[in-house]
Each structure stands twice: as C-alpha cells, then as structure tokens.
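Alright, structures below, take your time with them.
You will see subunit A twice below: alongside subunit B first, and alongside subunit C after that.
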Partner chain A sequence: MTKEIFITQKGIKDLLNDFLIKENTEVFGPVMKDGLSYISKLTPQTEITFDYFITVNSIKEALFPRYEPILRYNISKDNINITDIELDKKIIVFGGHPCDAASIPLMDKLFGWDYKDRFYLEREKNSIIITLACEEFDKNCFCTTLGYSPRGEIGSDILLERVNDETFRAKAVTEKGGKFIEENKSYFTPQANIDKKYPKITDKDIPIKFNKDNVKKWIEKNFEDPLWEKLTSNCVSCAACTFACPTCHCFDITDDAGMWKGIRTKNWDACTLPVFTLHASGYNPREFYWQRYRQRISHKYSYYVDLFSAISCTGCGRCSRVCGVGMNISEILKTISDAYTSQMESSVPASSK
Partner chain B sequence: MKELIDKAKELLKDKTVNLIIGYEKIEANDNKTRPIFVWDEADAAKLVFDKYCVNNLAVYLKRKETRSAGKIGVVAKGCDIRSIVGLIQENQILRDKVYIIGMTCNGVVKGREPNFDAPASKCEYCKVHNPHLADIIIGEKVAEPIHKDAKISFKDVEEFNKLSREEKWKFWEEQLSKCIKCYACRQVCPLCYCNRCIVDLNVPQWIDTRSNGKGNFAWNIVRAYHLAGRCIDCGECERVCPAGIPLMLLNRTLQEEVREKFNYEAGFDPEVKPPLTVFSPDDLAEFIR
Partner chain C sequence: MEENIYLPYLMRISDIIDETYDTRTLRLEFVSDEDKKNFSFKAGQFGLYSAFSAGESTFCISSPPTRKDYIECTFRVIGRVTKALRNLNIGDTIGFRGPYGNFFPVSDEFKGKNVLFVAGGIGLAPVRCVIWNVLDLRDDFKDVTILYGARSVADLVYKRELTEWEKRKDVKLIRTVDPGGETPEWDGKIGFVPTVLEESGIKGNANSVAVVCGPPIMIKLTIPVLKKLGFLPDKIYTTLENKMKCGLGKCGRCNVGNFYVCKHGPVITAEKLETLPAEY
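This part shows the complex of A and B:
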C-alpha cells in the first residue's frame, strides 16, 4: 500500500505563494470578491479562500483564457513580420471541484481534434490541476446524472479530500501529479487527524435528475418541436451560462490592430449571443432565442456525443446558478427526457401494451 | 394573487391579449421567482406576485418574437412600467399593443447572492410604488414615501463622488477588469434594443471585443452613455452581472447628470420627449465656446 500524504490549508497557501513568485509561472485559485467566489489568476496581493461552495466561474479560464494573444505582427514597407506567442508558462490551478476537472478530458477532444490548438494543448500540458473533492452540493448540481462524482478523479492531477477542518488527503491521480507532490514534499505532511464528519457527501447524496440517453434520442428526432420554444421562452440570449460553463469552448478571432502593428487574439464567444451566426448578408440562421438555446443543449447532449462519444457537460450547474431569468438546465433536460419517454409510450401499439 | 390569476384568465379568455408575461415560483417550497409566458388559461394559475418578483419583464417587450404575438399582457411593478414608458417614448412599442397589469409594490428583494433577501437598493428611491401607467392596477394602494417631483440623490453616488479622480479611476479599473463580456447587462436591459449593438458591428470592429482592461472600459462606458437619460434605475444589469460589477453606480451617476442638466427623470410620462432626443434653443449650451 502506498503511503498516504496530507496537506494543510496553510501548506496550500504557502505552496501557491511560493510558486507565485517563481518566474514564468501562473497560479490560479479561489478568491472572494464582494461575497462571491471566483477562480482567479493570483497575484502576491490576493488572498485565496477555502470558505466557498462552488466558484461562479470554472477553471476553464486557466487553460482557455477569455482573451488570448495568438500572434503579434508588424507591418513595414517591404514585409510583414509575425511573432509567435511563447507558451512555456507553468500553470497551477487550485480549487476547482471534480466537475471542473472533468471538463478537461472533454475539452481535450475538441482542441486536439482535426486541428491541434496549441494554445489550449500546451497550456494543458504545462498545468497541474489540483482539485478539491466536494463537501457540499445544491439543487443545481447533477454530476451523478452524467456519471461523474463529487469525489471523482477524472481530469485532476491531484485530488484533495478534506479529512479535518484544516487538512486534506492528497491523492496523486496522474504521474504528473505524483511528480509534483514528490518535488514539493516540504509543503505536505505524512500524518493528519481523521475527523469522522468527513466526507460530508458521497455520490448517493446527489440525485439522478434525468436519463441522459433519452435526452439525446429526443433531440435527434425533434429539431423543430415547439417544446424548444416553450422551454426557453424566458431566455434573454446573453452569454452568462456559456461563459460560466467549464465545457463551452467557442471563440472568435479578432485583431487589435493599429496602422502598422497589431495583436491577433482569441476571445470567448457564445452560441447564445444573437450575432454568433449572423451572416455577412444579414441573414441569421439562428434568428430566435430558442434556436440559439436549442443549439447550446443539442451541441452538448447530441452533436458532441456523435463526434467524440461524450456529453459536453459535467453537471456542475453553473449555468443555472448564473442565469438571471431562472432557467435551470437540469429541469429543462428532465422535461426533454420525459418527453422522450412519453413519445415512446404513445408510439407503442395498443396490442403490445 | 387570486385577483391577478382571475384577471389573467379573463384577459386570455376574451382574447384581450394572446399572451401574458408574468412571474412564477421556480419551486413550490422556494421563494425565488422567474418570468413565465402564459399562453393559455390553465397556465395562468401559476402566476404569482410578491417581493421576490425582481425581474423587469419589460425586457421581453423589445423582442420581435414577442411583439409578433399581437397584444401582450405584462405584469409590471411601477419601476418596470417606467421602462415601458421609455419603450413607448422611443417608438419601440405601441401603447395599445400592451396591456399593463400594474402591481402595487412595497419593494422587492435584491435577488442576487450574497444577501439575496436584502431589500433592493432601487426601492429606497422609488416614486412609483403605485403604478403610474396601467390598464388595471392590482393590489391595495400603498404609501408613496417620495413625492413624484421630489429631488432625490443617490447615496452611493454621493459617497463615490467624495473620492479623488485617481481613486475613482482605480476603483473602476479594478471593477471593470472583472467584466467577461457576456453581455448579460445588455440582454436583460429593456432599453438595450438596438438591432445591432455597436460591439457587434465588426466591419470595422469599433469596440475592442477583448475582455481586457481597454476593451472592458470601452464596452461599459459606451453602454452607460447610451443609457443616459433613459435608464430608469431598475437595476437588472447589476443583478444579473456574473462578475458582480456595480453597474448601477455608473448608470446612477449619469441619471444624476441628466437630472441636473435637463431637470428630467426617465420613465414617468410617455407624452414627454426625452431630453437627448430633442433640440431646444433653451438647452444648456455653456460647453460651446
């Protein structure tokens, strides 16, 4: 049996602080801002918090920044000089939950698909994902419905599980994680008091909300169904849900250009925004709010499955938490999965009932 | 509540309206509400109204899909009606296409974490606890602590104005750096109805779309300016902002400017022309030298 290893909250703070002052390193962690917690890029002035349930945003920000330079250019009389962006920074991401980390293998599929997106892939390669197993959940959580777990290891390099009010058990999930613990052993401790009140939650606490396979089956057959419009009538078509989402990955490329030089950047974009599919002609194939919301759900629960054999959702519930008009994704998916069940029931011939 | 439901049923039954936009409880044992679109009498039973009905439903009136529904009923508090007045003044909706179910209101909650249940800041300055423009008013008449013509000044703006220019800059630099450009503020605002918002005009790209310092300043300041003399202080942009930016401080600063320069408060009388849409020889012109 491998020996257990622990780390205290102070140990984590010291470790992150020491990495912060190292050159070529970016450290991300949970920070309290006006009463809400966010995964933020840390500076020596920021204090991380342990007193939070789930951050408003996800750890996506660390590997897929909301804006990112992809090249710089200079135009001179005779030629154009292009400078590539160096991507050798070490990245430490602390404080996501298993639903954050589970998004990484899902994003890998997309960014490592036909075109290899070096910006995401190299950042990911250089990163250490340190995840906190959940000790709380709310009614928006539905990770178990999608086969994930509040104590899951998927996507993490190191999983921390609370054993007492001050201390976590550290579990190296990947080789990279094991090496990281080994190299930074001084911050860890071999012993800790195990408080029986932890873990406070397990898989069984988070109810299964809907049948995920039925959702796909319904989507495949009901593209034009009026249920879409009914389900989404209060959507105001902002991008809060997609930007809070750990697996939404659409981006737009624009130039921040002067006359003779500029930076080309990759910015987050969202299918829920009206301009997303607007053609140059003025025609918009997704003109209405419900067509855009249908895209968001269908992409996650049907098209992504066709392409990569995985649902592009981890059940974190962030989109429901940030929604200003009270839309709840698991409620919508339950309605869809129930609609499939009732379609099936009504299509069974009476004689076979 | 019964009065509201009965009225809604009646309006749908006799085809006065084809659709009613109101509030429903998200869950039976929870206080939180959300907008609901009621197309038939059966759904009318879901309608509620209480201090948790925070959304400004006027936002849905700007949507072309909603407008194509014909005549629409909308459940509205006094503050929401001020937005409707703005939409009428700016020719976005026709008065006779909207049936306003005005609700008397004793104030609503903030409706956002942390302190979800705290009273909303806007209610402290409210002059329209009793709806000022409606087809029917539901609820008992409530006290109106501030007279319509009283001059109010926002405490947060007053506090903010005590800061030095450098401190103000630092404050906004920090706050606006949080902006992720999700445009929830724009989408939830009843008066942000441009067919194509200036940030969506990309040939050329007028406004930097990056959510970094410069891009965020450009976006938030453009939006605040476009709402000067139009914002009615409903506070929806601030409530839905996932980044927690105090957007109302920006909007209120401009509300005060307009009040001072033009003696105008938005959203009271649909017959009045908003100051920034008309020219009058009497306008202050002291900036022209």
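This part shows the complex of A and C:
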C-alpha cells in the first residue's frame, strides 16, 4: 500500500496562491459572494472558502467556459486573415464535489464523439481536478440513485477527504494527480490527526430516489403523454437549471466583431430557451415550455444513453436548488419512474395477477 | 493538439443570382487551390457559411457534386447573418465549414430507378443538388419527375432552371403555386403540393424513389400521399432542416429524439422518420 499523504486548508491556499502567480495557469476555486459560494476563476486578491456545502455553479466553466473564443480574424479590404486560438494554459480546479468531477467523463463522450472538440479536450488534458469528498448533503442530492457516490473518484485527479477540521487526506486518483502531488510535495504533509467524526456521510446516507432505468423506459414510450405538461407546467424557461448543470453542454456560436477584426466564440446556450430551436421561417419544433423541459429530461435520461451509453446527469441537484419556481428534478424523475411502474402493473393481464 | 474543427475554409464569391425578392444564390470558389483540390461532397450534405463579423448560418450545398470547382448556396434573407451575406459582392470572401451530415444514396439506391422530386418553396435548394446530380448522370436513371410548388409565383426559386427542366424531354416538370399565389400569366397548377401530387397521376412502385423537401408541414402531409401512390417508406427520402450551430454533433439543438440531424441526417427515409418522436 502506498503511504498516505495529507494537506491542510492552509496548504491548499498556499498551493493555489503559488500557482496563481505562475505564468500560464488558470486556477479555479470556491469563493464566497453574498453568502453563496461559487466556483470562480481566482485572482491573487480572491480568498477561497472552505465554508460551503455545495457551490451554486458547477466546475463546468473551468473546462467549458461560458464564453470562449474559437478563432480570431482580421478583415482587410480584400482579404480575411484567420488566426487560430492557442490552448496551452494549465488549469487547476479545486473545490468541486464528486458529482462535479463525474461530469467530466460524460462531457468527454460528447466533445470527443466523431469530430473532436479540442477546446474541451485540451482544457481537460491540461487540467488537474482536485475534488472534495462530501461531508454534507441535502434533499436535492441524488448521486447514489445514478450509481455515483459522495466519496466517488470518477473524473477527479486528486480526491480530498476530510480527516479533521483542518486537514484532508489526499488520494491520487490518476497518474496525472499522483505526479502533481509528487511535484508539489512541499504543500502536503505525511501525517495528520484522524478525527473520528469524519467521514460524516457515506453512500448509505443519501437515499435512492427513483429507478433510473424505468425513467428511460417510460420516456421511450410516452413522448406524447400529458404527464409532461403536468410535471413541467411551472417552468418559466429561464435556463438557470442548464447553466448550473455540470453536464449541460449546449452552446451557440456567434461573432463578436468590429469593422476590421473580430472573434468567433462558443457561448453557453440552453434547450430550455425558446429561441434555441427557432427556425428562420418562424416555425419552432419546441414551441412550449413543457416541450423544452421534456427535451432536457429526455436528452439526459434517454437520448444520451442511446448515443453514449451513459445518463448525462450526476445527481448533483443543482438544477433543483437554483430553480426559481421550485421544480425538483428528482421528484419529477420519481414521478416518471412511478408512472412506468404503474403502467407495467396495469398492462399485466388480469389472469396472471 | 487536435485540429480546430471550427476553422472555416475561405471562399470567394464568384457569382450572385437573385432567385426571388428575398432569396439569393451565391456561387463560391475556394481561395486556396489546395482546398479546392481536396474538397469533395455528396448530394444532400450541408455546411456552415459565415459572413465575417456577423456569424455563421447553416445551408445545404445546392449545387451538385458532379460540378466541380465551385459550390453554391441559396438562402432567404431573414436574420443577421443572411443580411450580411446579401451585402457581400462578387470577389468578397466568406467562410465555409463542411461538408457535414449524410447524403442521398444517388449512386447506389437511386440507380436504375424512377426518381420523383417533390419540393416546396426554398426546399428546392437541397433537391436541386440531387436533381442536377441525377440529370448530369441521366442514363443511370429511369423516369425523372419534378413537382415543385411555392406560396406564390414570386416565391418560386431557380426560375431559369425550371424553364430548362420544362424544355427537357427527359424530365417531367409539374409546377404549382398555393391558391391565391397565382398571377394572370401563370400557366402552372394552382394548389398545395400534396393535393397536386395526389391528382397528378404519378404512381410509385418498388422501383421508384422519391425525394421530398420543404417546410415541415408540407413534408408531414406529402409522405402519406406518396405512400398512397405506391412509394415504399424506405424509398421516400427527405431532409430534416432543424436549426444548427456547429454541424458537428456538439451544440445540441438539432436533435429529434436520439437522431442528431447534423450527424445521422439531414437525409432520412420516411421509414426511419416514423420511428422518431414528432418533434420536427
């Protein structure tokens, strides 16, 4: 067995701070703002926090920025000159939970499918994902329902588990993570007092909320079911759920330009917004709120599974936490999964009951 | 590092044709000889055309793959990008990414068969690519019939080509405009495309293929008529024209169920279309 290694909160702060002043490194970490915590791009002036349960946003924007140049161009009188974008920055992402990190292999499938989107894939290659195992959960959490764990390693390079009020055990999950610890050994410590009160939670504490396979089976057969409209009638198409989501990946491509030069950018977009699918003719295949929400749920729990053999959701519950009209995704999915069960029961011939 | 899949080719506008009051065709030639040499596509594929400083828009390639050295696109001026594209002149440079998506099996499934084309409005653009592809290899196919309709006489695109097809002995052309869209001089039919098709006397069998493109409502109403006329669902082809931004299966807006129009389409048979949720 390899020797255990630990890092204190101060060690983490020092480590991140020292990387911040190094050239060519972007550092992301949890920052408190107006009483809420966000994963933010750090500057030497920002102070990271350890006093949070889960950040409002996910770590998504470290690898898939909400606004990202994909090319630049200059326009001259009779020519266009295009310049490619360099992607050589190292990225350190600290403070996401296992449900954040678990989104990375899911996003890989999409961005690496057929055509390779190097903007995501390069960023991922250049990044170190340092994840905090959960010590708390709330009613919106449902990672265990999807087979994930509050102490899960999927997608992380380094997993930190709290062993006392000041210190974490650091587990190198990937080779990249191991190398990172090795190279930055001075910030880590070989010993720590193990406080018995940690870990505060394990997989068993987070209840299983619904049957994920039944959700897909119901979606496949019930595209036109009135339940969709009923379940999602509160939706106001604000797209907060998609922006907070670690696995929502839809984007728009737009030009940002003046007369003589410009950049083309990828920008976050959302299937819950009405113009997302609006045709030039004025026709919209997803005209109503519930049609768009149906797309969001069906994409994650059925279409993504067909294409990539994985559900595009990690059970982080962020979409429920940020929803302004109180739509709770795990409750919606439970209703769907129950609908499947009752459909099955009612379709069993009376004689065999 | 992987190559940047969002980098466009540079193309120069070599010709401009105004099809209608709001629809324009651009003929484009590669700026780089090497790009020109290496480029090839198949009928039904599409691309992303960019007016630098305005953005990108998705159109099919409306010229046939049998005519090398250039491609054409036809678009209606609706939004920011199409307005900017209209403001460009011959000699100006635009961006092009593509070809993307699947294609009509012109050189295998279509070969030796009767081919019926049904198009509505600007839906003739993707069909025109296949029509010329077929006509350029005319001996490979049996009867060629084209049924084309638009809202009004003013909305008919490719007017010069319609005249050309009308004159050809090896093509049967039926033109129609929606009721109320005719002019006193109009010598074609008056009626909606599915109705005109039903009354045309056209018959399909196992040896015929049909290509249908147009507004979603027209496609929905035309497919049942084609089936009634004897066309087999796996021999009826259409293209799904959902909004797209990347063309590469990433941006997430063109899907109909698990069918990504940009990757698995845009060409689809009526047989397959029936298995998808009715969200197109």
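In the analysis below, the second predicted complex is superposed on the first by the 353 of 353 C-alpha atoms of A that agree within 3 Å, B and C clash if a C-alpha of one lies under 4 Å from a C-alpha of the other, contacts with A are read in each partner's own complex, and residues count from 1 in each chain.
As a working rule, contacts are C-beta pairs under 8 Å (C-beta built on N, C-alpha and C of every residue); 3 or more make two chains touch, one makes a residue touch a chain.
Bear in mind the structure is a predicted one, so any value in this text is a computation, not a measurement.
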item	value
Contacts of A:194 with subunit B and subunit C, given as first, second, both or neither	neither
Which of subunit B and subunit C A:262 touches, first, second, both or neither	second
First (subunit B), second (subunit C), both or neither touched by A:208	neither
Partner chain(s) touched by A:34 [first = subunit B, second = subunit C, both, neither]	first
Which of subunit B and subunit C A:254 touches, first, second, both or neither	both
Superposition-derived comparison: subunit B or subunit C, residues of subunit A touched	C
Which superposed partner A:233 touches (first subunit B, second subunit C, both, neither)	first
A:344 touches, of subunit B and subunit C: first, second, both or neither?	neither
Footprint overlap on subunit A, where subunit B in one structure and subunit C in the other make contact	252, 254-255, 278
Partner subunit A, residues of subunit B touching it in the complex	26-27, 32-37, 55, 59-60, 63, 65, 113-115, 178, 180-184, 186-188, 196-197, 200, 202, 205, 208-212, 215, 236, 239-240, 242-244
Subunit A - residues contacting subunit B, complex	33-36, 38, 56-57, 66-67, 139, 230, 233-234, 236-240, 242-244, 252, 254-256, 265, 267-268, 270, 273-275, 278, 288-289, 322, 324-328
For the subunit A and subunit C complex, residues of the former touching the latter	70-71, 73, 75, 78-80, 82, 84-85, 87, 110-111, 113-118, 121-122, 223-224, 249-255, 257-259, 262, 264, 266, 269, 271, 276-281, 283, 285-286, 291, 295, 298-299, 302-303, 306-307
Subunit A contact footprint on subunit C (complex, rising order)	1-8, 10, 50, 52-56, 76, 78-79, 82, 91, 93, 95, 215-216, 241-243, 245-246, 248-253, 255-258, 260, 263, 277-280
